[in-house]
Each structure stands twice: as structure tokens, then as C-alpha cells.
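Look for chain A in each of the two complexes below; its partner is chain B in the first and chain C in the second.
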Partner chain A sequence: MKSLLACLCTLLVLLTTLKAEARSLTPVEGLEVLRRSFSNLQDFTADLTQEKQLSIMKKKLVMQGQIRFKKPDRFYMELVPPYSSKVLLKDTVLQQRLGNQGELQRIVLPPEQGLSRWFATLSKPVTAVPEGMEVRADQFGTQTSVTIRPAKGGQLKELTVVLHDDGTVRKLVLEERAGDKTTMTFRKTRKNVGLTEADFRLE
Partner chain B sequence: MFRFFVLMILVALLSGCATSTPRLDTSQVVPGRKVETLSSGVTVALRSGEKNISGRGFMVYRRPDQMRLIMLSPFGTTVMETGLNGDFLTLSYPSNGDAFQGKVRDLPAATGQRGLAMLQWVLASDPPPNAPQDGVVQQVNERGAKEQITLKQGLVVEKSLASGEQVRYRNYAVLDGVLVPMELQLESSEGDRIRLTLEEPEINTELEPQMFTVPLQGLRLYPLSALKPQ
Partner chain C sequence: MVSPALLSRLLTWTNTQTIRHLVWIDRITRQSPRMIVVSLLALIILSVFSLLSIRFETDIFRLFPADRPAMRLLLDSLEWSGGANQAYFLLEGDPAVLPSEASGLAERLRSLQVDGAPAFKRVVYRIYEESEAQRFADLVAFSAAHPAAFVPLKDTPALLERFKPKVVDQALDQLTAELAGSIGASGVGLSLADPLGLRSLILPRLKAGSQALDMDPSSPYFLSRDGRVLIMIAEPVRPVQEMAFARKLVVGINQARQGMQVQVSCAGAHISAVIDEAAMKSNILSCILSSLVVVLGIFYAVYRRVWPTLMIPVILAVGVLLALGTAGLFLSSIHIISFAFMALIIGLGTDYSIHLYDRFHTERAGGATTDQALHKALVDTGQGLFTAAMTTALPFLALGWAEVRALSELGVLVGLGVFFSLYATLFLMPILLRKIDLSDRQYRPLPGLGFGRFWRIAGQWSRALLWGSGLFVVLFSLLSLRTSFDSELKNLQPQHSEAFKAQQLVEQHLNLAPKSLLVALDGPSQAAVMQQNLAVEALATRLAIEGKLQAWSSLGQIMNRQADQQQIINRLGAVSISAEDLEKSLLSKGFSVQSFEQYLKQLKGSSLTTVVDEATVIAQLEASPLRGVVDRHLVHDRSGWHALTYLYFKAGQLDQAGFVQELKKAVPTARVTSTDLVSQELLTAVRRSAVSGIGFGSVLVLFLLLTHFKSLSGIVAALGPVLFGAVAMLGTMALVGMKLNFMNIMVLVTIIGMGSDYGLHIQHRCAEGLADQQEQNFIQAARSVLLSALTTIAGFGSLAFTDYGAMSSIGWATNFGIGFTVLAALLLVPATVRLSTLRR
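Coming up: the complex of A and B.
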């Protein structure tokens, strides 16, 4: 009985190890996984937890909220108290309201930073890694992790996207050169739910 | 009878209004205790000329003259950092890859950043020793500048400098035995306005020296006098 139990335990440990073992993808495969996850998408909504670890903070700043996205160029994010804010991005026009009574702020981004430009880029199959960029991609279980190190000189040191098999984004980690780190975790993600213009308004 | 009933409801409603005004309980205040260090989430709204900029961030302060403020984008990345050490100011804009350093007096007036350079003065909100509960007093502050202080019920509600800068303090709370204003409104002599709201502040905790250093690696460093309006 004891040896049977020992065999069972060993088998369980082995199975767990096999399941957790990561499979490396080539950099182009990794970028393609990212691209494909967006190509099958018209819109999505998700609950968001944003955690910010700053070098001057002993504790994490944890913010909760919801995001909405609709192709080709709409993005909305609403954070709940105590850090309440609303952000609406319509291609290159970013509007933000801090708190419920805060003034509406409007920022126009350069055309190359517009949402439609990003998604136009993502619509083309990836055949090579852009110059100066480093990409590492791993598959583990039902998830794929793609880590991108942009060309040297920018603010971001590293960006990691964790995707589920169904193409939904589970986690986004932004690491800045100064050492500060932001982790966004997405839950209750719903794809292609038919979001309309009414879902992208700042009240 | 109906009139009496209406009157009663009215009285009840009015008394409800009267008691809904928050009353500050100062029983936990420890006499003589001051803010030596402060670390807090912040909401900053800046108005300079026609421009309105607001954002959320985090700041640390150590008496008398060290301060660092980090402003974040809606997506959590750093938009701007301000570091003050005495009269030495560092401003960094990581997304542009630029940083500026120099003496506060070298900061060009039209940059809209003058208010940020005054945050050390803004954060010193203790009533002067022997100040009256209500009234106006004048004193020479820790930096040698002459200032006028307005007090109400023992709290500093307004300070102004002869050079035209003015700060108003609102929404006091008692933190670790110290009265701390949760909202600070500054108007610089050039008309720039900054409203700073503290979120979940902690006072008099230990802050390491490196917390006041703005990281400059990978950034192009310019003298402060070269700063243009952002």
C-alpha cells in the first residue's frame, strides 16, 4: 500500500512538473502570437487591477477598474475610488478626468502614437523582429508570455504580455529603465460583445 | 397640526445639514509634534496660462527642504519627476528622454513649473510658536523669507510671501498626532495654480536618502535654464 502511494505521489509530481514546463518560442513566433490575439478581436471588456511599484514607495499603489476596447481606435479606462479616474482615447485624442469633479483634460498625441496606427501595424503578419528589439516568448500550459525589450534609449526597459490560449490578455507588465514597474492584471475578459460608441464616453 | 409637522421635518432636516459639516476632532493631536517626513499618493492639478494639466502620482518630503514628486500617466508609467534638495531642482521627463538640473532661481518663469519648485514652502504648514488661534501673523521662515500667515481655530489656512506667492490649506486631518492639510492650493506670482490633494498619506516614517534622488540614467541632461514650456 505504501509503495503504491509513493508511486502515485511520484506520478503526480511528474505530471505537475510536465504541465508547468515552459516551451520556448522563437521571437517571430512570439510576436505572431501577440498579433493573432488582436487580429480576431473586434472589441473587449475586462476588469482591471493596476499595481504600481515605485522606487520611492514602500507599498504598492493598487488601483481597480474596468477597461473597454473597440477596433479600430477606441479605448476607455475607468478606475474606481480611492483613485477614481476616467480615460478615453480616440485614436490620437486622449481625454482624462481625475475624480468625479475634476476638470476634463485633453491631450493630442503625435500621429505615430495613435491607436489606429498601432492596430494597422498589428494587422500585418510578422516576418522579422524589428531592428534593435529583443523578444523572448514562452508557452506554459494554456498561457503564452511574450517579453519585448524595445530598442535602447526609450523609457520602457521591458514589456511583458501574458496571453491565454483564446487570445485574451491576462497580464501586462511595464518595467521602466528607472526601475519602476506597473502590473496590469485583467479578469472577466469578454471578447466581441458588440460595444458601441455609447460605451466610449466621458460623462 | 400639519404646519407643526412640516416645521418639525424642516427643523430635523436643517439640523441634519448643520451636523453634516465635518468637525475636526483634535483630541488626538500631540502638542509640539510636527511633520518631519511625509509620503503620500497625490492628485495634482496644474493650471498655467491656458493650460490645464492634472495627474496622479506619489511624493515624499523631508523637513526642511527635500522633496520628490513622481507624476504618472493613466497607464502607470512615469510622465514627470521633480526633485528638490535645498535650492537645487531636478526635473525629468522620461518619455522624452530629457532631464534638467540647476538652482531654482535659474528656472525660466514661462515654463509653468515655478509652482512645483515652491512645494517645499507649500508643505510647511505648522502654525508658528505662540501664534493666536485666529488672526494674521508675520514671520521669517526657515528659508529666510518673510511670510504672512492666516490662522483660524489654531490651523494655518493661508500663507503668502511678499513676492506674491500664496497657498491655501484645506481639509485638515489628524495623522499620527499631527494636523495635516489634505488639500493645498498654491498660486505663484506668475499666476500658475497648483492644487495638490494628498491620498493615504503617512507621516514621520523613515525615508532612505536615495528616495530623494531622481534617476537620470539614459536621459539627456540639460541646465535648468534651457527648460521650455512642457
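Coming up: the complex of A and C.
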């Protein structure tokens, strides 16, 4: 579950750089536009505000941070205090460190959930919505919202991507079946800035 | 005691019967050749039926006695651990590509199908599998509610600290940070299971206890510390002992690992046997064919006769078939390695054709008719052949009583093969020679191969030769004192086999220590074996403290026994947190108390201060991703429960014999095994077999030589070269750094029978006639002896070049022995004959 969320989240984060079509979209069209826009991307960075409403907490957790991505399989997220943490995904290996001195945790995702595999899939034209998945795309003024409901069985209930008409994603919303909800808002998005391996370290 | 007169009568009678028997063979081959051929065909058909009832085995473990305690436990442990059934893939190569290559291989293995169904139940190469997340969270929940069952005794103060109000607040702050930093809500499960973060005191112990190999603790894979070897474990859906399934599985495995950027070795007690089966078969087949080609080449090069040359494979085939057919009457199965006996039969069985044909040819060249020549060859030379064959066959057959199956099977097959090859030669060669021989056919004298000069040198320098050889015996004896024994069983395996390579990789990259011991306690119930194992654990703990162990593991190492739990709880009682206190803290930190209802409910039930039954703890571990650790240390099978403890140490660090004694004192019912203990058992069995084999074989050979020569000089002539050859063999082995082992030590038994033939033949022929005639007789006998030694060397030599350490060591040792023995026979026997003639 953790890994699936990590990959989906990463994918959605990447969508911040994508260009949205200013018209009503069918599910296949929506996915295909996202894929085409993504094909021009090599790397990007963005500032992040994350809000979590977890079922086990009465209060909402609000965090600030930054994300980085580089093709074909690197993703990095850093949150600043009071909830400082760092997450690095290198294809299938997910590493996380809480605080500056926390213990490094490593998890290996199944190959089919590896970042490179996701992007390899995205490189092919979308001709049909994957089996069991529901996609809904709505246009509201200058914004487009794409909602993805993965196949049943997992903990993730729904993912919503809100895109600006300039092609960047403003907001991602993850809703889980247990009622937990995470909202990520992005700003200062910069594309193809020439990120290197040095930008993807946990030290 | 047998009186000399009775002994003399017995020897005379035996000798007379042998001659009468040979005369009968001569007569019947002359008078009723068709009856012989028909009878032989009938015997062959019966042998084929018998052969069809034999099962052929490839499992290397079947070659050793399974009734010895250490070997029995080793085999049991292979069954218990799944080592016998599972397939282990060792990927070796560039650390940068290992994970991706492993991922690809795992996918191919998971999708591998045999007979239309998936071939493997599971394929694992990562420490954390996502599918195990819920089971892991359940274990964390249990251990956080019952920390006394898992927190090491030495960490009790740290555990007490965790329940102080201030530290509880810090833990909840940390929990909040974890939830904030995790992706989505993925951290919620573990937070609910363990809100106070007690797992940081528990998981390191569980992780350390789950290490059966020396792996990189920071790697998410089963990876060696140097990062060069990654292990993948695959469990086939069906037992790999089902050969049809195993063979198809191996085909699939070989396809799956094709074209990889890293080296992939596949191991597993049975699977590697199947993988190596094809190589083993081709190895043995190439031995057989190469020795046959060389032997036929030698025969044809000297005698230049096509039909007798072509008759040799027929004789050998008959000998081999009858040997296998007879063996099938009392052996239910034969190991594939034992088929190497065919190469030896090619070498040994051809000797009789050489001696028989050489004598026939010599007599024909001397003007005798076909029948006269055959009579001489069959009755006179045949007498020597009969004794020689028996002296060769009987020591091999004496190995049939060896406790090590590898030796007993080989001994029986070679012994029978020699016996039947002799009879096939005595019956078939005369029929063929009568068929192809024409009365006016010209037989040119055979080449002397320089043996006339040998005869003259032996006459001129007889004393010098005998003294010189005595000196060499002393020299080689001194050298042979340096001969050592190689008790490493792995060195007997094929050096390029999968099993060998995998073992090397594990030794080089993954072993916790170079040596290990396994202790097993058997009992009717889980509680009983766990209770008994306390004494083993106490012993291991003491040895570890004394620095005699590198590491050790048992189930008691990852969980606390009830007494230890009680100790922790006694101290915990005063400080542990109440459910109400935790509720307040959770509320104050903004948590929803209802979400933690499960954990709070356990606290209200005094879970922190309750001693948990060991069976409950084990059941929790068994239901978690750590079930492998339980399976490794606690086994339940039809015979009951078995608690296992593993001890790891360096060579010389632990006195194994002392440990076994101490263990037996502490727990008399404990069983123990290790490679060294298995080797010791084998060594004892082999030594016993060698001593009895040498004793029994020597008595038989002596009796046969006594029957043949009825004089001490004849026996000395036959056995003197053997003594020289055996001592020189040991000395040369020491000189070239070759060691004795479980297999080649038996050459000391077989060389007596094989080597005595050479002296016997030369003495038999040289003792006849006047001085001039003696020289011609020597030349004829020496030629036959040299050729038969060469064919024997060709047979054993083919083994010397096999990949099998076991077979190769037999091949080399025998070739050294045969080489020196024939040299001694060709020089020393004529020297003694010339010296005694001179004295007369």
C-alpha cells in the first residue's frame, strides 16, 4: 500500500508540469493528454504544501517542503520542521528518514510498481482506461479536474488532480478508504532545470 | 590351524581343479561353440531383465551411510529446512545491476510453467515483501502489547524508560512526525499497532535472529556484505524428488537465466543434483568412450588384427551386462556415479584378451596349430589369467562390505565386471579365433618392444636393481609419511558443478563463519523440546561469552522465555503506563482515542505485565513474515517436534569433540551434526572398510597366489612390485600435493589385486624352460603385461580427467600405483629370476 501510494503520488506530482486541455475530456482523452504533456519533461522541482486529515488524528497536519523529479526513475521529497522528513524513491527502492538524525528506512517495491516501469507505461499511447479503473475529467473555468479511482481492493479510494490552464497542477488529493485524506498543493514549479544525482540524496 | 600337508593337498587340489576347468573351457569352445553363444545370449537376456528392475539414482547424498547419527541429522535438517526441496539462486556480479537482474529473474521464475501450471509457489529475494505488510503490522501490534516477550533482557532499563510520562509525550510527538512524513496514510497501520514506538527495541533483535547468513543489514535484498552476491529462494510447487517434474523445472530454470548480465548458480540439495545430472552423464559417457578408443587403439597398434580388436568391445559389453544383471539381483538401485565402473572394466577386462591373444599369436608364430595354440593360451596362460582375475576381482568384491555405498557399489560392480569379462574372454575369444584362423595363415613374430634388453639388463644389474629399488622404497616411504587426508566432502563433488559453485559462493561471500554445528532436540511436544533447548541455549551463551563462537541462533534468541519475561515484568510492574494515562496523552497530542481502542484494550487487560505462553509467542511469529525463522529453529514432522540450534565458529575456535561431550552431559538426548562430524563418521567407516578390505583382500590374494605358485618366491615376485607400487604411489601423491580421501584410500585395497597380476604373469612365464626359452617367455609376458597396464591406465586415466573429485582422485592414485607397479614388475621380477637362476 505504502509503495503504491508512493508511486501514484509521484506520478501525480509530476503532473504539476503538464499542460491541460481547455475542454471537456473523456477518460481516455484525459489520460492521453496527460501522457503527451509528460513526454516533454526531463526533470522538475516545486515547492509543496501538504495537508493531511488522518482518521487517527483530530487535528489537521500541515507541512511545507519541496519535491524533485528526474527521468527515468528518481523522485525526492523533503519536508521542513516541525515535521521534517526526507523521502527518496530510486525506481523500486524507497528510502525515508524522519528528522535529520532518524533511522533510515528502506523498502523495495515490486518491480511492477517501480518508477521506471510506470513511466515506461506512460510512454505508450493510452487507448483504453485500465481495467477496473475509473477516470472522470471535469472542466471548471480555468481549471480541470481529473479524478482517478483505482481498481478495488487497495486502500486508495480516489485521486484527484486539479490542473491550471497553463498546464501546471495546483493540487493533488488522495482519499483513502479508511477516511484519510491528503491534499498537496504545488507552487514555484520549474521544469527541465538540469537536476543531477546530487539532488537525489538523503544525507 | 591347517597342517602344512593338508594345505599342500588343498592347494594342489585347487590348482588341479582350475586346470581341469580351463581344459573343459578349451574343449567346450572347440566342440560346442553354438551352445556357448546361445547360453550367453540367454544370460544376456536375463541380465537385461534384471537391469530393467534397477533404479538409477543421481542424489549425491545416497552415496553415504544415512544411518550414522551426524549424517542422519544432516539429512533430516535438509528435509526440515526445505533445503532439500527449495531452489536457491545465487546471483553474482556487478552490484549496480544485481537488483534489476534479480527482479527480472524473479519475474521469469514466477511466470515459469511446468505441465501448464506455475512451477514455483513463491520466489523471494527481498527482505520486505509488500504482501506481508499486514502480517508485519500484526506482529508489531502483538509485540508492542507484550514487550516483555521480545525486548532483550539487557534492554529492560530502556523499556522502563519508555513508560515515563515525558518519554511517552516524546514518543507521541515522534509518531505525529512519522505520520506527517509518510506517503499518504501509509504510516497509520503501524502507528495504531505501536503508538509508543516500542518496536525500535524489538525489531533489531528479530532482524538479527533471522540472519542465517552474513548479509548486508542495510540492504533491502538478501545481499552479501560485499554486495556481489544476491540470494533468491524459490519454492517449487511439487517435490523436486519427482524426477520428471524436476527435469522439466530445470529446463525452465535454464531458460529463465539465459542471457543475464550476472552469473546465476542454482543450488538446493536435490535440484542441483538434477541440474548436474546431464553433466554427470556426459562426463561418465566420455570416460567410457575415450577409454574404449584408447584401449582398442593400443590393441590394434600392437597386434594388427581387426577381428580380435572388434571382439574386445563385445567381450566388455557382455562382461558389463552380466555384471549389472547380477548386481540387479541384490541391489535395488545403482548410483549414476557407479557407472564409471564401465571405464574401469574397459581397462581391466581387456587385459585378458591381450594375454590370451598374445599367447595364441606367439604360439602360432612358433608353428603351433590353431587348436594347439589355443590350448596353450587357454590352459597355460589361462591359469595365470584365472588367478590374476580372481586377485583383481576379489579385493574389489571385498569392498562390497564397505559401509560407504559409493565404495561398496563400485567394488561390487568392478569385481563382477572383472569376473564376467574373464569368462567372456575365455569363452568368446577362442570361438572367434577358430572362426577366423586359417591353417595356412602366416603369423609374424610380435614386436619385442625392447624387452630383450630389459631381460639382459635385469641379468647384468640384478643386484643393483634390487638394491636400488629397496632404496627407492625407503625414499618413497619417507615421502609417504607426508601424505595427508582430505576430509572435505565438497572436494569429492564435480568441481564445475552447480552445487560446488554455489557452495563456494556461499563460503566466500555469505557464511556467518567458516564452520557451523547444528544441535537438534527431539520430543513429543513443542513445550518439551523448547524446555530442553534451554540447556543448549545456556551452553551456547556460555561459549559465546568465552569467545568460542562467532554467532549462534535458536528460537530463544528472538523471544524471551517465560522466566526472562517474568524478570522484565517484575521491574515493569511499578512503572508501566496505564490505559487511562495513555488515553490522556493521546488526547493532549491531538489523536483520536477511538482509533487506538485495540491497543488500549490490551493495556487495560494488563498485557504489559502478563507473561505470555511460549506457544502463543511462537504462533505469533509463525503467522508473521518471520515464520522462516521459526521454521528454521522449530520443526514439527511425523516423528514429533525438533528444536534446532545453530552455532557458528572459525576453524580452531571451538573444540567440536569437547562440545559434543559437554552437550551430551547437559542434554543426553541431543543430536549434533556438522560437516566435520559427518566427515569423521565417514572417515571411521572408510577406515574400517579399508582395514577389513586390505585384510580380507590380502588373505584372498595370498591364498590365490599360493595356489598358483605353491612357493614363496612366486608370491614375492607377485607382491613385491605391488609393495613398491603402493609405496611409490603414496610418496608421489605427497610429492605432487595430492591427498588421500574417502574414495582414493580404497585404491590401497584394489592395487593389491590389480598390481599382483603383473608380477604373477611374468613370474609364471619366466619360471618355465631353459635360459633361452626364459628370455622369449619374458618378452611375451612383459609385452602382455605392459599392454594390459596401459589399457588399465587408459581406463582409470579417463577417470583422472573427470570433473568429479571423487573419481578423479581414484583415477590419479590408481595410475600412479599401476605405473610404478608395472615398472617394478618389468625390472625387478626378471632381476630376481636371473639372480636365482645364477645361484642355481
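By our rule, the second predicted complex is superposed on the first by the 172 of 203 C-alpha atoms of A that agree within 3 Å, B and C clash if a C-alpha of one lies under 4 Å from a C-alpha of the other, contacts with A are read in each partner's own complex, and residues count from 1 in each chain.
Note that in this section a residue touches a chain if its C-beta (ideal position, glycine included) is under 8 Å from a C-beta of that chain, and two chains touch if they have at least 3 such contacts.
This one's a predicted model, so the numbers in the text were calculated from it and none came from an experiment.
Superposition model on chain A: chain B and chain C are shown in a clashing arrangement. In the superposed model, A:61 makes contact with both chain B and chain C.
In the superposed model, more residues of chain A are touched by C than by the other of chain B and chain C.
By the touch criterion defined above, A:99 lies against chain B and chain C together after alignment on the C-alpha atoms of chain A. Contacts of A:133 after superposition on the shared chain: neither chain B nor chain C is touched. In the superposition on chain A, A:80 makes contact with neither chain B nor chain C.
Of the two partner chains, neither chain B nor chain C is touched by A:193. After overlaying the two complexes on the shared chain, residue contacts for A:151 are found with neither chain B nor chain C. The superposed model built on chain A shows that, among 349-357, 439-447, 565-573 or 691-699, the segment of chain C colliding with chain B is 565-573.
Once the two complexes are overlaid on chain A, the chain A residues touched by chain B in the first and by chain C in the second are 50, 52, 54-58, 61, 82-83, 85, 87, 96, 98-99, 103, 155-156, 174, 176, 178, 180, 182. Residue ranges on chain A touching chain C, taken from their complex, read 1-3, 5-6, 9, 50, 52, 54-59, 61, 63, 79, 82-85, 87, 92-93, 96, 98-99, 103-104, 106-111, 113-114, 155-156, 174, 176, 178, 180, 182. Residues 39, 41, 43, 45, 52-56, 58-60, 68, 70, 72, 74-78, 94-95, 97, 199-200, 205, 210-211, 215, 217-218 of chain B are the ones that touch chain A when the two sit in their complex. Of all residues in chain C, those touching chain A in their complex are 99, 103-104, 106-107, 126-128, 130, 133, 174, 176-188, 191-192, 200, 218-221, 590-592, 595-596. Remark: chain A residues 50, 52, 54-58, 61, 77, 82-83, 85, 87, 94, 96, 98-99, 102-103, 105, 153-156, 174, 176-180, 182, 184 touch chain B in the complex.
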